[in-house]
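The following pair of complexes shares a single chain, chain A, combined with chain B in the former and chain C in the latter.
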Partner chain A sequence: MKEVTRKIPKKDALGLLLGKPVYTDDLAPKNSLIVKILRSPHAFAKIKNIDTLEATNIEGIECILTYKDVPRIPVTRAGQGYPEPSPHDWYILDEYVRYVGDEVAIVAGKDEKCVDEALKKIKVEYEVFEPVLDFEKAEGHSSVIHPEKETHPMFEIGFDAQKNIAASYEMEIGSVEEELKKCDVVVSERFYTQAQAHVAFEPHSAASYIDMQGRLVILTSTQVPFHVRRIIAEAFDIPIKNIRVIKPRIGGGFGGKQAVHGEPFVAAVTLKTGKPAKIVYTRQEVFEATYSRHPMRYDITLGATKDGKLKVIDMQGLSDTGAYGEHALTTFMVAGSKTLPMYNKVDAVRFKGKVVYTNKVPAGAYRGYGAIQGNFALESAIDLLAEKLGMDPAEFRRKNMIREGETSPIFKIMGEGREGVDMVVRSCKLNECLEEGMKLINWKEKFPRKKISETKYRGVGLAIAMQGSGIANIDMGAAVLKLNDDGSFNLLVGATDLGTGSDTILAQIAAEVLNVPTEDIIVYSSDTDLTPFDVGAYASSTTYVSGNAVKRAAEKMKKLIIKEGALKLGLDESKVDFDGKYIYEINGNKKVSLKELATVLLYTENQKQLISDASYVGEESPPPFMAGFAEVEVDIETGKVKLINYVAVVDCGVTINPNLARIQVEGGLVQGIGMTLFEDVKYSPNGKLLTNNLMHYKIPSRLDIGNIIVKFVESYEPTGPFGAKSVAEIGIDTPPAAIANAIYNAVGVRIKTLPITPEKILMNLNKK
Partner chain B sequence: MIKNYFRPKTIDELSELKLKTKGYLFSGGTDLFVKLRAGTIDTDTVIDTKYLNSRKIEITGNKLFIPINATYSELRMFIKQNNVNNMLENIVKTIGSPMIRNRGTPVGNISNASPAGDFVLASYLFNAQVIIEPTSRKLPVKNFIKGPGKIDLRENEFVYGIELEILNDYKFYFEKVGRRNAMIISIASLGLLLKEKDNKIKDIRIAFGSVAPYILRDENLEKSLIGETINEELFKHIAIEYQKLSSPITDVRATKEYRKSLVHNLVIKAYNNLFEKVVKE
Partner chain C sequence: MKINVTINNEKKELEIAPDDILLDVLRRYGYHSVRRGCDTGMCGICTVLLDGKPVPSCSIFAARVDGHEITTVEGLPEAKELAKILAEEGADQCGFCSPGLIVNTVYLKKLKIKKIEEVKIKLIGNLCRCTGYVGQHRAIEKFLGVEK
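== the complex of A and B ==
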């Protein structure tokens, strides 16, 4: 392969490095009204009265909108497949405010100064209710967070607003209770994960204006331009045809932008005033009023026989979706569907639980999407079980984990919000990942611990993980290729490059098919007027789903070139081929260059625009797999953990661009390490997020992540474009369990609540 | 919002401006602008001290003088070049990030009087004298700092510089426990200076950050240790005594219980490290 597997830099790298104006805030119309939001100081209240008169009279204020001024149509902000598995429980503005930071009023003015002043002058009287802040007490709480009758799910998701339940789910294969009786060893433990923040460097931003035809144009930092178009149409009750959504370059999303956030507010202002408007969230707003990861609790029961055969997995969970039910059911189910198939030889497996509303920052999509929460619980418990069996945890996994060519009943039963699809795992090099990782970390030498001094111990720990490649039978991506007169191609994709490098790897896929240099493929993503549909960048879908669409479109283009080339050469199609430069006679001397053909096609002979398109929806979702190994040093006098090495061995099929695949894994690992060791989330007793800035919310710095070693094993996924699977999320899943296991192996302290702070370790050491 | 900006060149000019405008002094701005943005300081006037004709970092007799506007990075350079009070390097290098150290100043840190201030801790350990102008007052840092954020300074006065003792032949241990390894505010920190003779304590100075409303240092306790034989028993005694003296709080970074444990353990840790009970990496 010439173009696929080339380690070329991202197509946008130089422009970004040079600071070109490419982000939403750079591109917003210069005369945009500044939009800011008055946010609720209460965790749960009803607006009794809102007086905007004095604020409206401030010089420069263009409009102040309250719930009385905007349509009240229940929607979900979550950008997912349609019909949506998230309940329709959100309103552009509402008379209820359901968390500290919830929107009360939209203020637009000519500059920040007058808008800031107006925000202070709006007088709101609230009827304050007792908030629900403890997710373990949410179900059946006397405060009902969504008492309104309009809120509803689009289909059965186990929704029960009167009990503060956004979604619920239950499945069982075999009989957990019966099989547990046959087990020699059983472990049962409870685990908690926290509401991690995404901390994308570009804050959420959106701008809007009315074009010359009276259509609403929205420029936004989003992962899901087509979903934004649909949700805005629904929320404002305007036709989809009257909306255009443009995605410029994006400074990171990680799931936090898989939703509408600022878009409805600028749209409301533009629709009201006819003027351009923009909003750029402050860092505090990003923390307090966008999304976090769903905090979850899992009770895990595992049962095995003496010989080390895992027989039973029981996972019972509770998830906290905050004030709105975005991604509630789907993140919860992924905690099972992207962990349980790893141990596919069990006799009984159960997964059940509820997702509850609380008066806290809404939870939404975040890289890992439930899998990391489930993985922490399951992979911690697997180590506990192996220890009880007296087995090396690597050996225990090797004996029980899924292998290439095998399947799991989970694939069929658990999808995302509905049934999944039956599939055989055609590529699975988990065993190779495990073997290679053990070598790289020097497991045999280092497991379980080394004493460094009287006060310092080193330990190693591991976890295995799987993710998916898009959502089978739901996620669709499409691509269009267009031939230019110099023989270059425009590749138009709805797929959304967030900084991931997807534009680059999609170009590499097209270039490989057409046998042209990647540099001859000009990529444009994404604009709902100009690019074909794509669900967007989420669920590890772009490489696999959008990549397959690009590959098909390129194959069609190749056929078109051969067809038109044959015509030009006066030969039958079967007699010619295309090598990237020339369309040539297979057994002869006739040939025409692509450039010449492209030029004549546009200007002189048999004139036409060569254009090809293709769509792809996966019939299956081949999982990438990995094994993660942590080596930590624990200081027993302070509880501090030093992460010395993290080894990640990944099977994501063929890496389209090995460098970009590597940084995807590295980035995922660092976020996983952050969730494991640093990123603590604290609320005040009345429900205000205290860790709402980068001073109090600590993401890891370069000094905190030690030595990261990423390796890809050789693997080929037959259904993927050139053998590729997706790689965006898999990197994040293993650090919580691998590091927790390593700490346990080092000092015998088992932390079951993330993050694992020095404080938790020391306090547990003190108890010993 | 800032409406007035001044650049005084002389001590008297600065003093008059401060008295007249009640403006905030601005050197690096690493703390001031964070507070302005957060709304914890509300002023329309800043007085930029960087144009003041002042002395440079210098050694005078057995004192190290650090003037207003001298940055952490400049101090580090000076220490290295002049081979003086090298122990300070261990503290200064943990402060903020390279960008912060290029702008932030020791004098600013002392004037903020935060119990978590890393340079405040250093100044306690080195018996700093705070030099105040235009009154030419000079007082020990422990008297200058009156509580969290509270300092002994009149409206016309400003801190012109600080003088640290120059210490030789001391063993030194510093550790700052934070939520991560860089750009942190300490959960607890310990600085310990020790001079020994024949395995007995000749002089000892112990200071803790973030475990009381002020930097915790007890000179009477230190005096009582002089002449004692250095061993683990003695350090256990010190650890327990300081644990009693500490009065930490629970905040967003850690609980008071954890901080109490750290006070004890950091003393033991200092002993283990200074007397090579720990294998060095």
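== the complex of A and C ==
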């Protein structure tokens, strides 16, 4: 392969690195009204009265909108497949406010100063209710967070608003209770994961204006431009044809931008005033009023026979979706569907639980999407079981984990919000990942621990993980290729590059098919007027789903070139081929260059525009796999954990661009390490988020990460474009369990609640 | 009020309000490489050079730079070399934090800092959420000629 597997820089790299104006705030119309949001100071209240008169009279204020001024149509902000698995429980503005930070009023004015002043002058009277802040007490709480009649799911998701239940799910294969009786060893433990904040560095931003045809144009930092168009159309009851959504470059997303956030507010202002408007969230707003990861609780029971065969997995969960049920059911199900198939030889498996509303910052999509929560619980419990069996945890996994050519009934039973698809895992090098990782970390030498000094111990721990490659039978991506007169191509895709480099990867795939340099493929992505549909960047889908669409479109283009080339040469199509430069006679001397053919096609002979298109929906969602190994040093005097080494060995199929794949894994690992060791979300007793800035919410710095070693094993996914699977999320999944296991192996303390802070370790050490 | 500032070697007269923050003024005048990441001086993304030394422009009043020199990534000739190396490592990803990192790293080159541990300490204030830093370090080591 010439273009695929090339470590080329991203097409937009130099522009991004050297500070070109490419993000939403850089490109918003210069005369945009500044839009800000008055946010609720209460965790749960009803607005009794809003007086905006004094605020409206401030010089420079253009409009102030309250729930009385905007349509009240229940939608979900979550950008997912349609019909949506998230309940329709959100309104542009509502008389109820359901968390500290919920929107009360939209204020637009000529500059920040007048808008800030107006925000202070709006008088709101609230009827304050007792908030639901503890997700373990949410079900059946006397406060009902969504009492309104209009809120509803689009299909059966186990929704029960009167009991504060956004979704619920249950499945069982075999009989867990019966099989547990036949087990020699059983472990049963409870685990908790916290609400991690995304901290994409470009804050959520959106701008809007009315174009010369009177249509609403929205420029936005989003992962899902086509979903934004649909949701805005629905929320404002305007036709989709009257909306254009443009995604410029995105300063990171990680799931936090897989939804509408600022878009409805600028749209409301532009629709009301006819004027351009923009909103740029403050960092505090990003923390308080966008998304965080669903906190979850899992009760895990595992059973095995004494020879080390895992027989039973039972996962019973509770997930906290915050004030709105965005991604509620799907993140919960992924905690099972992207962990349980790893142990496919069990006799019985059960996964059940509920997702509840609380009066906290809404939870949403976040890289890992449930899998990291489930992985922490399951992979911690697997180590507990292996220890009880007296087995090396690596050996226990090797004996029980999924292999290439095998399947799991989970694939069919658990999809995302609905039934999944049957599939055989065609590429799975999990065993190779495990072997290679053990070598790189030096497992045999280092497991379980080494004493470094009187107060310091080093331990190693591991976890295995899987993810998916898009959502089978749901996620669709499409691509269009267009031949230019110099023989270059425009590649138009709806796929949404949010910094990952997917534009470049998709160009590499097209270039490989056409046998041209990637530099000859000009990519334009994510503009609902100009590019074909794509669900967007989520569920690790772009390389696999959009990549397959691009590959098909390029194959069609190649056929078109051969057909037109044959006509030009006066030969039958079967007698010619195309090598990237020339269309040539296979057994002869006739040839015409692509450039010449392209020029005559546009200007002189047999004139036409060569254009090809293709769409792709995965019939399967081939999982990438990895094995993660942590080596930690624990100080028993302070409880402090130092991450010494983290080894990640990944099977993501063929890496289309090994540099970009590696960075995806490294970046995922570090987010996972942050979640494991210190990223924490704290609320005041009244439900106000305390960790609402980067002083109080610590993300990993370059000194916190230890030595990170990423390796890819050789693997080829037959259904993927040139053998590729996804790589976006798999990196984040293993650190919580691998580090927890390493800490246990180092000092014998098992932390079951993330993050694993020095306080928790020390308190557990003192208990021993 | 008016201030006189040299930005990227060009003399400018800027109209500002007394309470304007440098970051906002720079963006208003079209220096879009200077980006807002956190509002609290924690992320390093808005780093510019003030009289040749790195500062977070979100934490400085514009009025204070009257009569001083500001350099952004656009005004640093060495920036392109580092950008190229970062791109070759794929260490840009979303790119939002890159200009601040580049400004700070070019400054380290001027100080001739070559020990990786010292480099990491000096760059600790430049946060990145995408790359996991590892690729950045591969690139920065090459650019600074870090001794191994």
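One rule holds for everything that comes next: the second predicted complex is superposed on the first by the 768 of 768 C-alpha atoms of A that agree within 3 Å, B and C clash if a C-alpha of one lies under 4 Å from a C-alpha of the other, contacts with A are read in each partner's own complex, and residues count from 1 in each chain.
As a working rule, a contact is a pair of C-beta atoms (placed from the backbone, for glycine too) under 8 Å apart; a residue touches a chain by one contact, two chains touch by 3 or more.
Everything numeric here is computed off the predicted structure, so don't read it as measured data.
> Once the shared chain is lined up, is A:456 touching chain B (first), chain C (second), both, or neither of them?
A:456: touches chain B, not chain C.
> Counting residues of chain A in contact, which comes out ahead: chain B or chain C?
Chain A has more residues touched by C than by the other partner.
> Would you sort A:465 into first (chain B), second (chain C), both or neither based on which partner it touches?
After superposing on A, A:465 lies clear of both chain B and chain C.
> Kindly classify A:13 by the partners it touches after superposition: chain B alone (first), chain C alone (second), both, or neither?
Once the two structures are laid over each other on A, A:13 reaches chain C alone.
> State whether A:626 touches chain B only (first), chain C only (second), both chains, or neither.
neither
> Pick one for A:701: touches chain B only (first), chain C only (second), both, or neither.
A:701 sits against chain B and chain C alike.
> Classify the contacts of A:279 with the two partner chains as first (chain B alone), second (chain C alone), both, or neither.
So A:279 meets neither chain B nor chain C here.
> Across the two complexes, find the residues of chain A that touch chain B and also touch chain C.
On chain A, the residues that contact chain B in one structure and chain C in the other are 695, 700-703.
> For the complex, give me every residue of chain B touching chain A.
By the definition above, chain B touches chain A via 34, 175, 177, 179-185, 187, 252-255, 257-258, 261-262, 265-266, 268-269, 272, 277-279.
> In the complex of these two chains, what residues of chain A are touching chain C?
Residues in contact with chain C: 7, 9-10, 12-23, 25-26, 113, 198-203, 249-252, 254, 280, 282-284, 498-501, 657, 659-660, 662-663, 666-671, 693-695, 699-703, 705, 708, 710.
> For the complex, which residues does chain A have touching chain B?
Within the complex, chain A touches chain B at residues 452-456, 635, 637-640, 677-678, 680, 682, 690-691, 695-696, 698, 700-704, 757-759, 762-763, 766.
> Please output the residues of chain C touching chain A within their complex, sorted ascending.
17, 27, 30, 32-40, 42-43, 45, 72-74, 79-80, 83-84, 86-99, 102, 120-121, 123-124, 126-137
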